[in-house]
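Listed next: structures, encoded as structure tokens.
What follows is a pair of complexes built around chain A, which joins chain B in one and chain C in the other.
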Partner chain A sequence: MRIRNLWALILIALPLAFMVIFFLIPFLVTVVASFHDADGAWTLANYKKIFADSYYPGIFFTTFKLSLIATVVSFLIGYPIAYYIVNMVKSRGIRRLCYVLVIMPLFTSNIVRSFGWLILLGRQGLVNQTLVALGIIDRPMPILFTETAIVIGLAYILVPFMVLTISSVLQTIDRSLVEASLDLGSPRLSTFFHITLPLSLPGVIAGSLIVFTLAVSAYVVPAIMSGGRVVVMAMPIFDNYTALFDFNFGAALAVGLLVITLILIALYLLFIERGGARRIARQS
Partner chain B sequence: MAKFIDVRNLTKRYGNYLALNDVSLEVAEGEFLALLGPSGCGKTTLLRLIAGFIDTSDGEISIDGRSMRDLPPNRRPVNTVFQNYALFPHMTVAENVAYGPRRNGESRKSAATLAADSLSTVGMLEFKARYPTQLSGGQQQRVALARAIANRPKVLLLDEPLGALDLKLRKQMQIELKTLQKSLGITFIFVTHDQEEALVMADRIAVMDAGRIVQIGGGEDIYHTPATRYVADFIGDANLVACEVAADRTLRATDSGVTLSVPHAADAGSKVTYLVRPEAILVSANAPEVSADRTVLKAVVTDKVFIGNALRIYVETGGLTLVSQIPSSSRAAEFNRGQTVHVSWHRDNGQVLAR
Partner chain C sequence: MNIVDRLARFMVVLLAWAGLVFLTLPLVIIVATSFTETEFLKFPPVGFTLRWYQQFLADPSYLSSIWTSVSIAGIATFFAVVIGVLVALVISRSELRGRRALNTIFIAPLILPTIVIGAALLQFASAYGFARSFFALVVGHTVIVGPYVLRTVLASLERFDQSLEEASYDLGGNAVSTFFLVTLPIIKPGLVAGALFAFIISWINVELSIFNATAALMPIPVKLFNYVQYAVDPMLAAVSAATIYVAVIAVIVLDLLVGIDRVAVSQK
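Here is the complex of A and B:
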């Protein structure tokens, strides 16, 4: 019994130590730094500077807006894919192959992938050429270096996270529940909205939280896809640390981003808890 | 009686596997039919075909004169009670039961009324605000039943609904289901592998084996005059003796050579199975009066098993083992192992089956 306790302690201690050394301590250092000025004196000036004018609030707004759109887009693309893999693909082997295909984008480097998109989305890129050839638009439209490009780039790498979390929950839904709903006179589409979707909400919630936080902190994709014309929060943080060497202000921006993200997530979960899920599940 | 459910030459293939092989079946309105058989006999497949969850490979199902061909499950006049109940975990009991009426266009209010009706029919009204996970197995079973009858279906399909309940509750539910079925007047098709359950509840029993219906009829018919050795073995306990017809046109047990002195008008040498139910075999210490229509054998008691209300006595004679079942209150209960006894049965209680 004693030995088993000791082992349990060691097993808990290792990841705990890892978290403390590589996350908690750097995090606290950052928080402390954000309350210091360049001379090491305590101050709130860094935070005051963020809200001094509309520049940084604007960047915050852009960051969260693009992250939200990227999350919604990832959901709209990811849910059907997850549904298809879980419910439509009969063969186990092909299902595994589908998962590999889904996570394929994650195999390539962020930078290479983004440059790939540059080629596809450019004025003479494949996307514009196809749209023009199909007669959908008259002349190439600007996609690259816009907010749309950032959303495309983000959604592309974030969809796999959405697919994996949603499909893991979809798998656990008992097929007989769907059959029971059909049996009781509910057509397929209505069955989906009354049974499958509400029961898969935990996966949607988990997936959207992962995707949203990853989108908020993304740096490489927005930087490359926007060509610097759209600024998201990760960029000034990066600049303050690497170019301006203003660690204190950079830290304040990072902490600000973290706090606002946490507040948004808390509000989201509160909304779900308060019956958002219940309302969707409700028979209307 | 008019055929209400008409199943014609129904076949279901999974690749090369024949799950259901050319099954035809007629069920009258208001009838309680049991589909009985071991797992893999095709009984659940037949039920799922009627419900519309799977497509037929061949054949036709019609209910109340209307073909079910290409009709999705949501448009069939049947409802199902699932083996695992399949209650919606994110809805309360009331919402579960109101789900059917609601999806069929009832207003929220009238669906709630219908749900309350159904719930009180099964005695679960007081649990309407609970979630399925807050109910016991037996309570979930009742809710599943209430949900299935809330739509007022013409046919109720039940897929081993009592399988997960303990014995006492199961027996109680058997009687309740039977009463409910009679009072609602709904046609029940009940899948079970439990022969006793089928005997207790059903008006007629369809015994299935390897994708076919091997016999269909009332419980007593099937018990007393089984069509095949398989049916005799499946329904109730049975002494099944492999026999061949001797030169004097009587039966002789093939393995032991014991003469059963049962006349049989088949050609000498033909092989048959002789069936006699354990409760038909009498055991006595003294030789019973010799009578032309009784088979009497002298045997030794090899084992005695007490099963509560009855006693099974295993006897052996010349290599032939038979089992007799007598009430445990009977005086024959005093027999001991190794004792020499006389076993006898009336020939009307025996039956010759094709092999």
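Here is the complex of A and C:
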């Protein structure tokens, strides 16, 4: 079935109008507002304010640091799960069970997932109880409301994304390469480090960038896990819009976060393209 | 296999299942503590009671929040389905120039920070007088859940044998009858899976809703968010557990419908 151009235009008109009005124009309005002061005059003051002292650059640094650690942690947790599901599970039933366990957290809100960690990480929580019982620490240590808590909460949110991205990359790896290596007498472990891991790396990096983007713009998880004691980039955006009602400065912060995200996405696309080129080169 | 390989394989299995337990543990903890008889959160729970569920079901503000969430998610999913099918048809079945750009525009909300989309929507809505309204919430949710439907429908459209559609034409069908009698039944599993994803993404959203919610118009995740910052008690666990049950049902339906392993590969 081919749709003629006239009909295509008619079919697309309303959806496109919807996206332009409720998605593109709001962004434009926000960008314009970020260059306005409260009286509607053009100004760069909102952006100057971001760099006026070390407060906002400090928040920026904290957010990047925590997001980076959370991304690495979610990779370390996610890779074995993905590898296990794709390369080791033989029965479809168990594979489905694994995917159910991976996807179920994706279907619950960030609030609920963080709330679970709130219970686990408290002074009398399961984590502290276990650590004390094992004799690793003498008495319960404060984990909640620290940067560590944010990293745990973020990594928890990110692992399912990591698993899904990595498992889809692992599936595309040519099994005959692995078998050839094994036939030539190379042990499984070195086959993994010399074949599977390097081949999956472009996908891993692409997945990490996506996950990192999610972490940088996270609001709910850091808010709950830190109890407001640690400030990340999304928080002042929210405060300026809903508590301080400084829409213009809020807009500048939102545009800042948007620009950072776009840079990360550009990097992601770059990796995808290069990964794709490499795959074609391999096949030819 | 040598001993090192055996050990390595064992370690991977161990790490994988430890990871899966890590993913499940917080949810299990919430469900378990929601049955505790104590006045505070306790794990392992003491005794067994349904009183926290009764307490939240007797609170009209929770019921109204749940209703708000369900209506937003329902309406947004409906619009997302209409938009997703139309856009997917144009992208996969027409020669229109700029199809790639079209795809980018409709998929973009998936990658851009939801909190920025929420802020922009509030900014826009305030300028045009519909800030903090049901309408603002519905259009915002439609924007962010749209990509989930578009992606699955597009994948289904591109996967199936187009000669079936041609056969319908040869037998005298027109575009409309071909779509409803041939195309739609074939893409239905993908469409339903996408719609289910869209509904759930809307149902659990906080970051967008929080900008346009009010005390009288508060989706359940936003209500939970406001509550959790001031008090944590077993009733909160009961409400959270209820949302987990919804997630469990959704995952099972998805698995029965299209097979969760297939969905997992197409959704990332």
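The rule we apply is simple: the second predicted complex is superposed on the first by the 235 of 284 C-alpha atoms of A that agree within 3 Å, B and C clash if a C-alpha of one lies under 4 Å from a C-alpha of the other, contacts with A are read in each partner's own complex, and residues count from 1 in each chain.
By our rule, a residue touches a chain if its C-beta (ideal position, glycine included) is under 8 Å from a C-beta of that chain, and two chains touch if they have at least 3 such contacts.
Please read these numbers as outputs of a predicted model, since none were measured by experiment.
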*More chain A residues touched by chain B or by chain C?*
C
*Is A:I25 touching the first partner chain B, the second partner chain C, both, or neither of them?*
second
*Should A:L170 be classified as contacting the first partner (chain B), the second (chain C), both, or neither?*
neither
_Going by the contact rule set out at the top, does A:I77 touch chain B (first), chain C (second), both, or neither?_
second
*Have a look at where A:I119 lands relative to chain B and chain C in the superposition and call it first, second, both or neither.*
second
_Which of chain B and chain C A:R4 touches, first, second, both or neither_ = second
*Figure out whether A:P187 sits in contact with chain B (first) or chain C (second), or with both, or with neither.*
both
_If we overlay the two complexes on their shared chain A, which of chain B and chain C does A:V102 touch? Say first, second, both or neither._
second
*Considering only the touch criterion stated at the top, classify A:E179 as touching first (chain B), second (chain C), both, or neither.*
first
_On chain A, the residue positions that both chain B and chain C contact, one per complex_ = 187-188
*Quick one: which bits of chain A touch chain B in the complex? Just the residue numbers, please.*
174, 176-177, 179-188, 190-191, 194-195, 198-199, 281, 283
*If you look only at chain B, which of its residues touch chain A in the complex?*
51-53, 72-75, 78-80, 82-84, 86-91, 95, 98-100, 102-104, 108, 147-148, 151
*Within their complex, state which residues of chain A touch chain C.*
1-5, 7-9, 11-12, 14-16, 18-19, 22-27, 29-30, 33, 77-78, 80-81, 83-85, 88, 92, 95-96, 98-105, 107-120, 122, 125-126, 156, 159-161, 164-165, 167-168, 171, 187-189, 192, 207, 210, 213, 216-217, 219-220, 223-224, 227-228, 234, 237-238, 241-242, 247, 250-251, 254, 257-258, 261, 265
*Contact residues on chain C for chain A in the complex?*
1-2, 4-5, 8-9, 12-13, 15-17, 19-20, 22-27, 29-30, 33, 41, 43, 79, 82-83, 86-87, 89-90, 93-96, 102, 105-106, 108-109, 111-117, 119-127, 139-140, 142-143, 146, 162, 165-166, 169, 175, 178-179, 183, 200, 203-207, 210-211, 221, 224-225, 228-229, 232, 236-237, 240, 243-244, 246-248, 250-252, 254-255, 259-261, 263-265, 267-268
